[in-house]
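Structure, as structure tokens:
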Amino acid sequence: TGCSAAASDSTLDNARSKGTLRVALTQANPPWNFLDGDNEPVGYDVDVARELAKRLGIGKVEFVGSDFGSFIEGVRANRFDIVISGQTITAERRQQVDFSRPYEVNGISVFVGTGNTSITGLASLKGRRIAVTEGTTQAEYARTKIPGARIKTYKNATLALTDVGQGRADAALVSKFQGAYLADKNDLRVKATGALLETEVNGMTFRKGQQDLKGKVDKALNDMIGDGTLSAISRRWLGGLDMAAELRKLPAGQAG
Amino acid sequence: MDLIVRDFPDLLRAMGVTLLLGVVSFVLGCILGALVGLARISRFRLLKGLAIAYVSVFRGTPLLIQIMLVYYGLPQLGILIEPIPSAILALTLYAAAYLSENFRAGIIAVDRGQWEAAHSMGMPYWRMLRRIVAPQAIRVALPPIGSRFIALMKDTSLASAVTVVELTRAAETIGSSTFRYMEAFLVAAAAYWLINTALSLGQGALERRLGRAYA
Amino acid sequence: MNTTDQPGTPGRTDSPIHIRGLQKRFGALEVLKGVDLTVARGEVVVVMGPSGSGKTTLIRCMNLLEEPDAGTVAVCGCSVECGDRARRRERARQVREIRHRTAMVFQQFNLFPHLTALGNVAEGPLSVRRMPRADAEALARRLLDRVGLADKAAEYPARLSGGQKQRVAIARALAMEPEVVLFDEPTSALDPELHAEVLQVMRELARDGMTMVVVTHEVEFAREVSDRVVFMDGGVVLEEGPPREFLSRPAHPRAQAFLRLVAHDLPEEGADDEGPDKPTRWERAS
Amino acid sequence: MDLIVRDFPDLLRAMGVTLLLGVVSFVLGCILGALVGLARISRFRLLKGLAIAYVSVFRGTPLLIQIMLVYYGLPQLGILIEPIPSAILALTLYAAAYLSENFRAGIIAVDRGQWEAAHSMGMPYWRMLRRIVAPQAIRVALPPIGSRFIALMKDTSLASAVTVVELTRAAETIGSSTFRYMEAFLVAAAAYWLINTALSLGQGALERRLGRAYA
Amino acid sequence: MNTTDQPGTPGRTDSPIHIRGLQKRFGALEVLKGVDLTVARGEVVVVMGPSGSGKTTLIRCMNLLEEPDAGTVAVCGCSVECGDRARRRERARQVREIRHRTAMVFQQFNLFPHLTALGNVAEGPLSVRRMPRADAEALARRLLDRVGLADKAAEYPARLSGGQKQRVAIARALAMEPEVVLFDEPTSALDPELHAEVLQVMRELARDGMTMVVVTHEVEFAREVSDRVVFMDGGVVLEEGPPREFLSRPAHPRAQAFLRLVAHDLPEEGADDEGPDKPTRWERAS
């Protein structure tokens, strides 16, 4: 069953008929999504995914561990139905896949070692060793916006922050929430410094041309924002943050 | 080591995947390798040239690139393959390049008189290969083939690069979620070592068995 | 087996081997320069000649282990026009037919080392003649018994003496139920004390009426068993005739010189002279 | 192929890193391998046992795990090593395990008479090894050592797992930012193939040179 | 070189080799069962005896290539009490000293194949005696000239004949400027026609006053060159004496039998009998 020649070309129909939604995520990006003590995926993305499946009328969610380097190809290859792993909506990615309406906003922070006082923001990153997660928008950001950056790519943010804490990289570009969560939980000797580099608007991705799926997903997300479900989920995982409120603040062009 | 106890079922499942990758690609690699080895000693120039090129390319480039080419590159040509089949495909192609050389050496080592005796009976080419040449060639080729099997077992760790959750990936995941990389990797390494030591022993026994007729 | 009912080449009658104008070269070296030879059914022909004269090449051309360059090779009713590259299919079919109807015994035995004596003899019936295993093994046992090795059926070749190996090889040849058996110096790789047991088996085979072509320097065997001796030198048949005549009064001076060497040494230590250094001696003598 | 033109400087730099990793670990691996090989044939039981265990462990477990153990695992013991040195350390340890077996075979192949001739002169052990045994052993060991160098060159691709930007990582980065994995990996593969083909040719020349005295 | 000014073992005087009660076993096999042997300065001693009698083992004990089990080996002023495992350091120093002062010529030459003839001869001076390269090579050239191979200095061993190889090996031995040279059957790996050139070099060496112990079956050499012949059998010295006496009238029956074999074959085809099959013949004869 190498090539995925499904009975129908509609991802939604297939998922419904199988009763399973195949959701890809890194499982290594707390608090968005990660494995808990029993090796079960948990986090903001995971709760959103379960809620979404319920609203799509699909009974079961199958979580597929993957990584940023593989999401786009994977969803194009129908290896999974949807990626719910905080992917930033970009024009380049839009050429490859379709995005849902935004379901989370994220800010990228610069994390440095706790003793580091020389790096205070974007300007002081020039020529430094910058840790990023491979295949993320931060990797691309570092490549294009930081002159002379020596970019080090990692499979996940945990590894990137660990190396910053140990001094094998000077700074990491990581989601504000994630960095804070990891630093706290694992006693990583890192801290956020300076202003947010940029605010990212994240969506779910699926194969191009799945209009029915996109319509149903967008509707479900709008409903979740409207009825407070999303706020409840975000408060639980993101230190009390109301994600629905953040999403409402987005300028019209980005609101999807 | 409580870490290990907790994650034992995961590790066991991952070890299953490692064994699956190793065994399946080895079996397929042997089949393909035997064919390429035969092509390599064929009288047909074209076949021979293709075999030489195949071996040179697949032995001359890193397996990691071959695996990623299959998984990330082929979709550009509209060929979409799942992670485990991708890994098996790349491992098979890679191993076959090496195995073909082992088979070739084994076949060349079979005395010409054996071919002539079979020919003089009017035995058809393929039946002769199977019944006369192969059993003798395999005996010569067994030690390097065994080493290749072991190398392949270790090479399966590269499947982690294309999201296959085999031993190495499992250890990495456990390590990065518990910050106890050392233990996680050591346990995985021990698992590989056990598999490979068992393979070595098995190979020794097989060599003795095949050598029986020649004692 | 005797289905020679194909349209025969004119003038061939019933002779299982009929060779005309056979030529063979290896690169620049002309090894056979036009050999004619006919062997009648049941006849035993001994081929003698100095080293390099082309004896081995000649009998290897008979079952097309060597591809001749020119001439006609008609064996057991299949006629092959050589040097004619067309009609590959047809040619391959004829070669297979010829190889089914002949069998060859090699100087180096060429037993299959991974099979027991029984397995060696049964291999042809099993995988060429597609006999059921039980029948093939029964046949193999009968033949091993015939060459006096019934008790060695389960041994691997590595545990047999040279003479036993060659007898298994003869049994293996017979298992193909051939019309002709070709022997290429069947005793010369053996220690002298082992020649007799092999020659005895060959003698019995001849007595049973088998058509045989035997390259050998065993003068006694030629004298007692063969119907005709063919003397080759320099890629041609120089002389042939009934053994008693040829061996005692060869007409050609080179045959005389050759026989002086081979026959003279025979009584005391002739065995030694079947060894690999004999050719050199002949070369020196000529 | 415009992709390649644009990223050419990156690829060239990455190729430099690949060559650096390969050559440095090969040289260090040869030194360590020779020592382990000598330990392996030593009369001292303990030394011999250690050498056997070393070879078994480092040949029996995947290089990828060894590299990650060095980079991610050692910091747990307070040993913090930069990526390139980490990769070189792991590659060296891994290659030395294989190379030691090649050296050992080479040394064993030197005729006993050579040792005795040197002994009878009263030549000290180490000088004898260097001046009499090594030059002869190297000739026997050269073909497998050459193959190991080529294997090592490919193994450097695993350094990409610990953030070293060598050829494979560079290709992956280019691929994932342009979505043209195919071209990126093919170019990297071609670079490896060229390096390895050059190594093969160099090895052949060296073999002929060392064989001169024996012609 | 003649600095034998160490406190000598009592009764040893100036003899460069002085062996008492030498014993050596390989596992269960007792090879030397108590050998006494003294060689005076400038003396040429030939050791003869059937295969397996322990000749090779004896001379290998002289430079401690074999570690004896018991007895005293005093060579060139260094005395080693065998069987005494203590004082490793001291022992190692003595062994090195003995090896510097002796040199050995092997049956199989054991030239260093990766070095030219010149390199072979210069190796000892360079890496054991730590001479400067220029001096070592000048010495090597002089010695190659002395053994008649000045023109082969740049050849590798693979391109030399057996006789030339052995002459290079002798030059290599002399390059250590030894007080004693030990020869283990220096001609028996050579084709007969090459014996003479090697024996000639040895003869000149003896004439120049070198102390030599030579294991050989070259009866002519023993008669003309040696001062004493020692006959070994079964791990002991059975008989010894001046060559003319011993070779013509050996006292012991086993020595008589041995000499009949060795000396008898000498005139016609003795050369052949220096080949590896000679020992077997002796074994059969005894």
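What to note about this one:
Read from first to last, the chains carry the letters A, B, C, D and E; within each, the first residue is number 1.
Here is the rule we use: contacts are C-beta pairs under 8 Å (C-beta built on N, C-alpha and C of every residue); 3 or more make two chains touch, one makes a residue touch a chain.
Only a predicted model underlies this, so the values are computations on that prediction, with no experimental measurement involved.
Note on connectivity: the fewest steps through touching chains from subunit A to subunit E is 2. The minimum number of touch steps linking subunit B to subunit C comes to 1.
Compared with subunit D, the chain whose C-alpha mean position is the greatest distance off is C. By number of C-beta pairs in contact, chains B-D lead all other pairings.
The most distant chain from subunit B is E, comparing centres defined as mean Cα coordinates. Between the two copies, subunit C and subunit E, the C-alpha superposition involves a rotation of 180 degrees in steps of 5.
Centre-to-centre spacing of subunit A and subunit D amounts to 40 Å, using the average Cα coordinate of each chain.
If you average the CA atoms of subunit B and of subunit E, the two centres end up 56 Å from each other. Each chain gets one centre point, the mean of its Cα atoms, and the points for subunit A and subunit B are 37 Å apart.
We define each chain's centre as the mean of its Cα atoms; on that basis subunit A and subunit C are separated by 81 Å. Counting partner chains per residue, subunit A has residues 69, 73, 159, 162 touching two or more of them.
Subunit B has residues 72, 172 in contact with two or more other chains. Taken together, the touching pairs give a contact graph of some other shape, not a line, ring, star or complete one. Interchain contacts (touch definition given at top) occur between A-B, A-D, B-C, B-D, D-E. Note for the complex: subunit A touches subunit D at residues 69, 72-73, 92, 95-96, 131, 134-135, 139-140, 143, 151-154, 159, 162-163, 166-168. Of all the residues in subunit B, the ones that touch subunit D in their complex are 56-57, 59-66, 68-69, 72-74, 76-77, 150, 154-158, 160-161, 168, 171-172, 175, 180-182, 185-186, 188-189, 192-193, 196-197.
Remark: subunit E residues 63, 65, 95-100, 102-104, 106, 108, 110-116, 123-124, 127-128, 156-159, 176 touch subunit D in the complex. For subunit D in complex with subunit A, the touching residues are 72, 75, 80, 82-83, 163, 165, 169, 172-173, 176-177, 179, 181. The part of subunit B that touches subunit C in the complex is made up of residues 111, 113-114, 116-117, 119-124, 127, 131-132, 135-136, 139, 212-215.
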